[in-house]
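These are the structures, in structure tokens.
Common to both upcoming complexes is subunit A, partnered first by subunit B, then by subunit C.
Entry: the complex of A and B
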């Protein structure tokens, strides 16, 4: 019994430590100027949404939010298709150079973004895609595709080969098998890929800072820097901006968490 | 409906040759069973006919047309897999109609054909269920239904009963035989169970080590096995095989005697044996008796008999039913 209470206590402490920054950020974002002198863990006594309105209008978050949603949504949807198609070919089709391609994908997993950021910048610039959403989307996809090809591959190898063969006997083309047999039974890995890519894209700062310098192209993560000067910072605006940025991702995780957990653990145990 | 011809067909994976010089011709409407021990190449041969495996060399002709390079679809065959391979996200009706929907067949016609197949296989109450909600036997029937909906010219069945329990297996065996008689379509059936082969086949193809050992009707194989392997593989209980001095007494390297061709408690026994086990099946009795220095004999007797374990009995073969084989396992004329 004692062990049980001890465990509960430890878990409570961890939960408080984990959630405290988020809770304090929400508190700060709702505090009127008169309460800013109170400690951060004090709840707002007269909550106000004025900072949200300010951030959304004056801070340009309305525009940034639209940009971020556009980039992240396209990233997620396109990633689901290209990674699943590549993984389908790797698992179900025999073709020359398959091993080489596997090696290329493995290489993609091993190279960190920061190491190739300068050549990436000049490549995107040479295509004339600086300050265009397309440039960021293409860079995002190229940098993360390896991870998701491996994720899809490990899921697809668990699908019985006989299912693919039965569909071939039924007269389905490879694309029909992919679309009508394999994808419909791959919901967990599709959701996981969509969520992870959406979240990575949503939270990324480095690529957006470099590839989208123009104000009207900015995303939320870059927008947050507006409230952070070298000497001062607008703590209430920063908090409200952070909450605005966090809410969609949290909501998506809550909606899809069941599939997400299944996708992350699939392939671990046969 | 189709006839099928295999000419000098070989299959190898790298340096490993799994099928050697396969020559076989299957007539229109015939029910042919490929039988053999695990690893003999029977499933690989079936998959080559289906178009799921490449043919390394040789010719496959379906209705006279060279079909080596045709896709499974172009061959117009249907296959029932050992694991059923039903699409888990589709209902029974969708599973059965999938191939027709790929051909863009009108919905009304798909539904008519699915209903007809479902009626024949008693699947109507299950049409809206998903495969996960079905028992093994029901899944098997859906897999067969999916095959017949397409009206293919050739049916291929790869050990379709191996995942069913004994009672359901014999029931489904009868259903498949009836289905063959009703559809009169060429069927090729793979199994390692010689009882299935004997009860269902018009002709049996016995494979061993990647080669065809013998092709013939069940009774031809039973009565005139072309090799020691076929003699020992076909028949249940297995044929008694003796070798060495005891066999040479009959003018052969190996002698085979079917259990029902053994006589027990004769006045003039060839061997004296000790009873080690008696299996009473009601309609017949199987006696296992050990002859010192020769081995264990199986004797099948009609009707019900009593033997004490450990009792000494006299055994003799029916001399006119003895199978004689030379050192290479080839038969010596009776």
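Entry: the complex of A and C
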């Protein structure tokens, strides 16, 4: 019994220490100027949203937020379609060269984005897509598609072949089977794919730093980085910006925790 | 006859149409740049002019003679080693403790795993603030009378790398905990009962039942942490950019500086190839372990 309480106590201490940095950041973002002298772990006594308003309007975070939502949402939706279609072909259609193709997709799991950013920049530039959201979206999709092709493949393998055969015999085309038979029963992997790709896209800095140098194209990650350089003394604004960037992914995580956990353990290779 | 050709046509076309969107994007923006990075690494190129000058192994030879490259190389390994010790060691201990708790498990687990979804640039901003000379960490040390431990964390060449590695671990250990938890759930309950009958203590059971059963999972976490830590760029760039005096310079930040900022694409690419080789090797080992586990 004593051991059980000790265990609970130790875990509680760890959980509190793990949450402390985030909680103190939220506290700071809500403190009026008069309370800034208080220790960081003091909650705000007269909470104010003035820093959020300032960051959102003057700091440009409203615009950056819009850019980030646009890129991440398109990334997530398009990823669901291209990865599931490719996986459908890999599982349900026979064609020559399948093994080679599997190997080519496997390569994608090994390529660290960091290692190829220089030629990636040149490639995107040769398409005239620097400072275009489309350029970042295409790069995001290319660099993560392997993970999701394999995630969909391992899910589709579990679908009884008889289901596919039956639809075939009824005269359905491959595209009809994909749309009306396979996709409707793939909700779990669709949700996981959408969530993970949205989060990766939302959080990425390197590709956005490289491919979207113009101020009005910026995402939250680049905005926060630049803000840090210019506002080192203005800790309230900085923490409000941090919270703005964190809230959407934290909210998604709390709502879909089980999907996230499953996705992150199976897609952990990236 | 006609229907035969058309059905054969559709047989070829169907897989092509399904694969085309993914494959076109993937080959253009992932595979082609990967092949190019190898090509660049044999050339001198500023990234803009139409001509690349072939220099053979020149960039690699320069790399092997480059003191800063080796410093970044050593830093990257030290960085990874530190993160592996924390994420694998502490990750396993936390997961083992969590697996023995039922009530309050969800809230404890959520608090520990939550930082995983935060962006590295967010993590960087939070910890840069906490690590300031008059920041909350030094305040806490002073508050409990450990004045001697207070230090300018990101300004001191001796501790900056580990201070940042600690921040990185804070935000990634949740992933190890999740994977270990899944592994722990798969350990056969009967083994624990047998150990209990034999009079084993909880610690002995952990040492002789849990740890051997978790060996494959541990290998997975090890390699994942290794590859992830080698790819790190964002958190360093958003805090010290490799400083002070290169004490937190990693291969990724050095490559970015030489390649993208100084327009020395050939040399940057050679560093990129080094990264590519290290990470690919680790990933191949990882996949081999995964396959063995599934078989």
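Heads up, the rule we're going with is that the second predicted complex is superposed on the first by the 253 of 270 C-alpha atoms of A that agree within 3 Å, B and C clash if a C-alpha of one lies under 4 Å from a C-alpha of the other, contacts with A are read in each partner's own complex, and residues count from 1 in each chain.
As a convention for this text, a residue touches a chain if its C-beta (ideal position, glycine included) is under 8 Å from a C-beta of that chain, and two chains touch if they have at least 3 such contacts.
Since the structure is predicted, the reported quantities are computational estimates derived from the model, not experimental observations.
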Partners on subunit A (subunit B, subunit C) - clash or fit: fit
Partner chain(s) touched by A:254 [first = subunit B, second = subunit C, both, neither]: second
Angle at subunit A between subunit B and subunit C, C-alpha centres, nearest 10 degrees: 100
First (subunit B), second (subunit C), both or neither touched by A:162: first
Subunit B or subunit C, by number of subunit A residues touched: C
First, second, both or neither for A:6, with subunit B first and subunit C second: neither
Partner chain(s) touched by A:77 [first = subunit B, second = subunit C, both, neither]: neither
First, second, both or neither for A:40, with subunit B first and subunit C second: second
Partner chain(s) touched by A:181 [first = subunit B, second = subunit C, both, neither]: first
Which of subunit B and subunit C A:171 touches, first, second, both or neither: first
After superposition on chain A, the shortest CA separation from subunit B to subunit C (Å): 7
Subunit C-contacting residues of subunit A that also contact subunit B: none
Residue ranges of subunit A touching subunit C (in the complex, touch as defined): 3, 7-8, 10-12, 14-16, 18-19, 21-22, 24-25, 28, 39-41, 81-83, 85-86, 88-89, 93, 95, 101, 104-124, 138-139, 141-143, 145-146, 149, 173-175, 178, 199, 202-206, 209-210, 221, 224-225, 228, 235, 238-239, 241-242, 245-246, 249-250, 252-254, 257, 260-261, 264-265, 268-269
Residues of subunit C touching subunit A in the complex: 11-12, 14-15, 17-19, 21-23, 25-26, 28-34, 36-37, 40, 47, 94, 97-98, 100-101, 104, 107-108, 110-122, 124-130, 135-136, 139, 170, 175, 178-179, 182, 202, 224, 227, 230-231, 233-234, 237-238, 252, 255-256, 259-260, 265, 268-269, 272-273, 275-276, 279-280, 283-284, 286-287
Subunit A-touching residues of subunit B, taken from the complex the two chains share: 50-52, 71-73, 77-79, 81-83, 85-89, 98-99, 102-103, 146, 150
Residues on subunit A engaged by subunit B in the complex (per definition of touch): 160, 162-163, 165-172, 176, 180-181, 184-185
